[in-house]
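Look at the two complexes coming up: chain A is in both, with chain B in one and chain C in the other.
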Partner chain A sequence: MESVNPIERALRGIAITLVILFFMFPIFWIILMSFQTNETILRMPPSMVFTPTLENYMALITGKLETSAGILEIAFMKNLFNSFFLSTASVAIGLVLGVPAAYAFARLKFKGSEDIAFTLLSFRFAPPLLVLLPLTIYFQQLGLANTYGGLIWVYQLIVLPLILWIVRGYFEDIPADVEYAYRIAGHSWGATFRKIALPLAGPGIAAAALLAFIFAWNNFVFALVLASADKQPVTVGALAFVTASGIQYGQIAAGIVLSIAPTFALALYAQRYLVEGLSLGAVKG
Partner chain B sequence: MSKKEKQLAEAFIAGKIGRRELIKGMTALGVTTATAGVLVNAAATEALAQNGFDWKKHNGTSIKLLLNKHPYTDAMIANLENFKALTGMDVQYDVFPEDVYFDKVTAALSSGSSEYDAFMTGAYMTWTYGPAGWCDDLNEFIHDADKTNPDYNWEDVLEGVRKSCAWNGRPGGALGSDDAKQWCIPLAYEQNNLTYNKRIFDANGLAVPTNIDELMGTAAAAGAAIDGGYGIGVRGSRSWATIHPGFLSGYTNFGQVDLNVGADGKLTAAMNTDVSKDFHSKWVKMIQDSGAPDWSTHTWYQVGTDVGSGKSAMMFDADILGYFMNGPGNAEAGNLAFSAFKANPDAAAPTPNIWIWSMSMSSFSKQKDATWYFLQWVTGPEHDLFGAREMDLVNPARSSVWADEMFRNKLSNSYPGYVEMHDVSAPGASIKFTAQPLFFDLTTEWAATLQKMVANEVPVDEGLDMLAESVNKQLNEAGL
Partner chain C sequence: MSDATISAQRPRRFKVSRRMLPYLLSLPALLTCIGILVPFVTAIWYSLQRYRMSQPWNRGFNWGENYLNFMTDSAFWNTLKVSMTYAFSTVALELLLGLGIALLLQRRNRFNNFVSIMLLMPLMTAPALASLMWKLMTNPGFGILSYYASLIGLEDFRWASDPKTAMMTVVIVDIWVYTPFIMILLLAGLRSLPKQPFEAAALDGVPRLFVFWRITLPMLTPFLLTATLFRVIESIQQFDIIYAMTQGGPGDKLTVFQVEAYLNFFQSTNVGRSSALLMILWAITYFLSNIFIKNWLRLREKQRGDA
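Moving on, here comes the complex of A and B:
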């Protein structure tokens, strides 16, 4: 059995603690800020001793924000719902379209398959602003401007290539012989896909879905340009706390805590799949 | 509105009772001060309806606005029901945060979208929107007696502010010239003056500076007196917005301009004169000695937050930023005071550059006449007075509102020196930049040069010569 030098163990512990502190301190500080008023946040010098208040969270939940310029209406919870709805629906549709496509690209070598797959990937290369202006014009002509359906469609530019390429790599890692054996028993391609490939690719699909959800959640510009204020996600809505009459740091911090909570919880829950899915899908054996 | 409330509001409008009696009467009826303001404006709106103008002409029409999240917008929304009652029109609106607001405007206009009939804008932006055909010349509405109510009183809008929203589209063309197109109409505006912390000044025996040399000295003394703070806040980010507030206001006070307009109409850089170099040197030294340590990242928000929290002793920036920072929620609320500032001791008066939040009509609107009804109401004297008295529509753009005793008293009671500051500097307040299509690019480069000077990467003389050379090259390439 390998013995570990106590000094090495202590140094390793210190290094790990420092790394954790480095990465976790900003999050910890934001959580502290979310329980403070603007006045205590901005005092000099900064201090970790304060009387906690829930008024920031109350402002976000009730939609009434008190500022030096009076009471402002804010729609943060609506923004949060929009983010959740847009991201979930986009990923769901992305999975329905992307997983079978990924399987086809992994298993069926047909003419132009690589070109099509690369074209789909190239959607990720184009800066969103490059495509947004023509999209705006088309959306207006098609009646898709300012609709959830239109936004979910555009969000496929984010989620579809991601799902397709991650899941494709994972399908390619599953030994084809397992599927051939099932097919020799008289089952169709479709049945093989459903009964063999999908269950085996589960972790990869979960990882792809999670990543796609995070990317969709963080998107900012599509809804900003293509939709009205009532359909804006939390990434746009959070900016409402930066006003001409001052920055509402407490509400921003509370908004960050609320808006990262869903993705944070999802990431914690699916952490195992995320690491396993990404590492297995990325390495061809 | 009950009959008694209505009678009180009408008596106030008719000048039969004063504000004190009005509030006392409304309070007795269980009405809050804010609601009383709306009721008074409802009575004013009713009076407006009697001026012979056909306010119901577009009854049943719906228009949509694109608005920036701002106290001016809050004032507009708070009074919107009165407009709907006056005209029978419906008004929808989208409000976007300021950080992304102009991206939204640009996307909507450049795609030719007819979704929004009117939108909020800054006057500088119309130098792009107007010539591009995205917004309409509003002169054709303002001066059409069939479309504009007789009480609109366009001349009541402060001359410098009104003219700053008008440009003939020719690079270098004077703002407000006879052939200028009125691309937007002011809602309210900001002058750049001094906001100082009276508590810090009094505690350290500091006098309010009256020129650039005194400003440097006072900033240094104040900075030394504040533990962990600094003397003076001015903007410093790599953006056109660094140049336009205090910096340009002081620069212009020495008779300096950004560009020269030749006899042939060609533009050339004017920022490397001897006087300009001297002013730049003083400005740079002031920041180095007494500015924020992270000055190069400072925007509106940091400059305001620092003076509101007591981290800086004063700022040379928008007066309304000081107005907001003197309100509740700020550590120094009630401690801030205001003073008009002329950087040049030999100048007759301050020459503040201004920012104007204004309203424009989208060229893609399909109901322009109805939209004009809204625009003339929201920029008219009744709404301006309501916003100034009851909300935070400061600085109102109309001289009649500045003459209103109730508004002046409201300011004087809570914002020491604000009214006097405004009265002294308003005659010289206007946009001091030369209107031309490269405005944002050239001014951002100016800010970048300023950053290099403050960081001692380039001497002031050399930096300004290089800037002038670059500006001339770009103007030449653009055929300007």
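Moving on, here comes the complex of A and C:
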């Protein structure tokens, strides 16, 4: 099976290069663009040679964007904060609520458990707007429109099913005998859960939390529908950026780089969990 | 209290708490279910009404009229056509590319692992932001892709703003974001295949193309099927990429289900039509996801059996 054929090696090499080029180039280009002034960006033909500038990032951090029509105040840092806050809080709440529930689904078979699990799973694939549009009307009546609480609540719709299904699979993989042995030794249910089940399902919980965080961070439609400017995460905030006329292109690029950097860093830092979560999340559970 | 007295009481106490415990623990899941089902039922309700937010006096039940109207509504058929075109072209191309890349990276070594991690980056990018990145790259003024297009003789190539190439542009963005997902799935599948059939084929000197069609592909089918269904379900509902790129334009070229429903709801405030559209989309995804979930659970059982 060894491919020693030189032509095949060359073809493989070319294919891999093209793949890397297609998938990496946009990121590379946007990072380059974020360090350029409008003049060097608009230069034709485009060139990789330029004096890098931090102006774009400075403008974003101070919230004062230079446009052709003067200074525009856009609190991009606030968007970034919103993204952090909404994603972290959603995942934290999702874990506290979801991990014990996943355990209940995996271990303590009870009436209706499969129905609940199945409903959650089938709605994971339902169009989000189907649930969101009626919710906008309810939220206005309940006073939850444009609040962090309301948003975090809605984020549970993606975070909880994800955590439930991934972590449940891990709990099911723990041999029940290990837990029984601990129980027979006189430990309570709660202690068994904390001391045995939780550590053994640790990697699964980490994978689920990581994936849930990334999904929450990358979510666009929830906040687009339910939040106004001061509560919007970066995904929606960046869009407002592009539509506002006359903003310098380098600043848009810098905004995008700041918005994707956290998920990239997380993904690189915890790649093992990520790959596991992605393939399990889709294939296994 | 000594241990003996506790263990004497335990069975009964345990029974009571044991019956309640699962329900208590799964309460959040139950609440989420309710949180989903209430708006869902409301959406069905709305879809059966003549309901425009701009004309509250005119609101009332018209039962199936919103659905019946679709029959003769060319905008609806356009939505259906655009959604299907989008879903099938993205998924078909992503499968081909994903399978190709997975085969290229199949062997475990440092370089291949590094490349597969790098390829995850597009998947980590929020689809809405990915769309903005490509929007900058295809900007007629300075976009690098517009520049390259002009180099190969395509002067004034307008990508997403041209009705002729708008679909192609968003499909490319979708491919950029989601091919890595299929690649990861298929790579996991390829690496989990049993080695014996391949070794036997190599011993017998079976041609590699034959091995691919007759051994690799059939054994990979469950993974391919899972990936395909999963992506079709997601792709037919795509909103972020299209909305961030053109908001459904130019004209009605990209008004897929969710974009059309969003515009109906917020721009023409036609809640009834918007809800009916989403119900139809839901019916399609429900049908697909039922097949998917069954297939998925079977694969999951099988994986567990092998492990």
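Following the convention adopted for this analysis, the second predicted complex is superposed on the first by the 244 of 285 C-alpha atoms of A that agree within 3 Å, B and C clash if a C-alpha of one lies under 4 Å from a C-alpha of the other, contacts with A are read in each partner's own complex, and residues count from 1 in each chain.
Quick note on the criterion: a contact is a pair of C-beta atoms (placed from the backbone, for glycine too) under 8 Å apart; a residue touches a chain by one contact, two chains touch by 3 or more.
These numbers were taken from a predicted model, which means no experiment stands behind them.
**Student:** Of the partners chain B and chain C, which touch A:228 in the superposed model: first, second, both, neither?
**Tutor:** first
**Student:** Of the two partner chains, chain B (first) and chain C (second), which one does A:58 touch, if any: first, second, both, or neither?
**Tutor:** In the superposition, A:58 touches no partner, neither chain B nor chain C.
**Student:** Tell me the contact category for A:14 with respect to chain B and chain C: first, second, both or neither.
**Tutor:** Neither: A:14 stays clear of chain B and chain C.
**Student:** Could you say whether A:45 touches chain B, chain C, both of them, or neither, answering first, second, both or neither?
**Tutor:** both
**Student:** For A:123, decide between first (touching chain B), second (touching chain C), both and neither.
**Tutor:** It touches chain C, and chain B stays clear.
**Student:** Could you tell me if A:191 is touching chain B, chain C, both of them or neither one (first, second, both, neither)?
**Tutor:** A:191 contacts neither chain B nor chain C.
**Student:** Report for A:145: first if it touches chain B alone, second if chain C alone, otherwise both or neither.
**Tutor:** Touch status of A:145: first partner only.
**Student:** Based on the superposed arrangement, let me know which partner A:244 touches: chain B (first), chain C (second), both, or neither?
**Tutor:** first
**Student:** Which chain, chain B or chain C, is in touch with more residues of chain A?
**Tutor:** C
**Student:** Of the partners chain B and chain C, which touch A:133 in the superposed model: first, second, both, neither?
**Tutor:** both
**Student:** Overlap of the chain B and chain C footprints on chain A, residue-wise?
**Tutor:** Looking at chain A, the two contact sets intersect at 42-45, 132-133, 137, 221, 224-225, 236, 239, 242.
**Student:** Over in the complex, which chain C residues touch chain A? Could you list them?
**Tutor:** Going through chain C, the ones touching chain A are 3, 7, 14, 17-18, 21-23, 25-30, 32-33, 35-40, 42-43, 46, 100-101, 104, 115-130, 132-137, 139, 141-142, 144, 147, 176, 179-181, 184-185, 188-189, 198, 202, 208, 223, 226-227, 230, 233-234, 237, 239-240, 243-244, 257-258, 261-262, 265, 271, 274-275, 278-279, 281-282, 285-286, 288-290, 292-293, 296, 299-300, 303-304.
**Student:** Which residues of chain A touch chain B in the complex?
**Tutor:** 37-39, 42-45, 66-70, 72, 132-133, 136-137, 140, 145-146, 221, 224-225, 228-230, 232, 236-237, 239-240, 242-247
**Student:** Could you list, by residue number, the parts of chain A that touch chain C in their complex?
**Tutor:** 1, 12, 15-16, 19-20, 22-24, 26-27, 29-30, 33, 41-46, 97-98, 100-101, 103-105, 108-110, 113, 116-123, 125-135, 137-138, 153, 156-157, 160-161, 164, 169, 172-173, 186, 189, 214, 217-221, 224-225, 234-236, 238-239, 242, 249, 252-253, 256, 259-260, 263-264, 266-268, 271, 274-275, 278-279, 282-285
**Student:** For the complex, which residues does chain B have touching chain A?
**Tutor:** Counting only chain B, the residues touching chain A are 69-71, 74, 94-100, 103-104, 107, 110-113, 115, 228-229, 300-301, 304-305, 308-311, 320-321, 324-325, 327-331, 333, 391-392.
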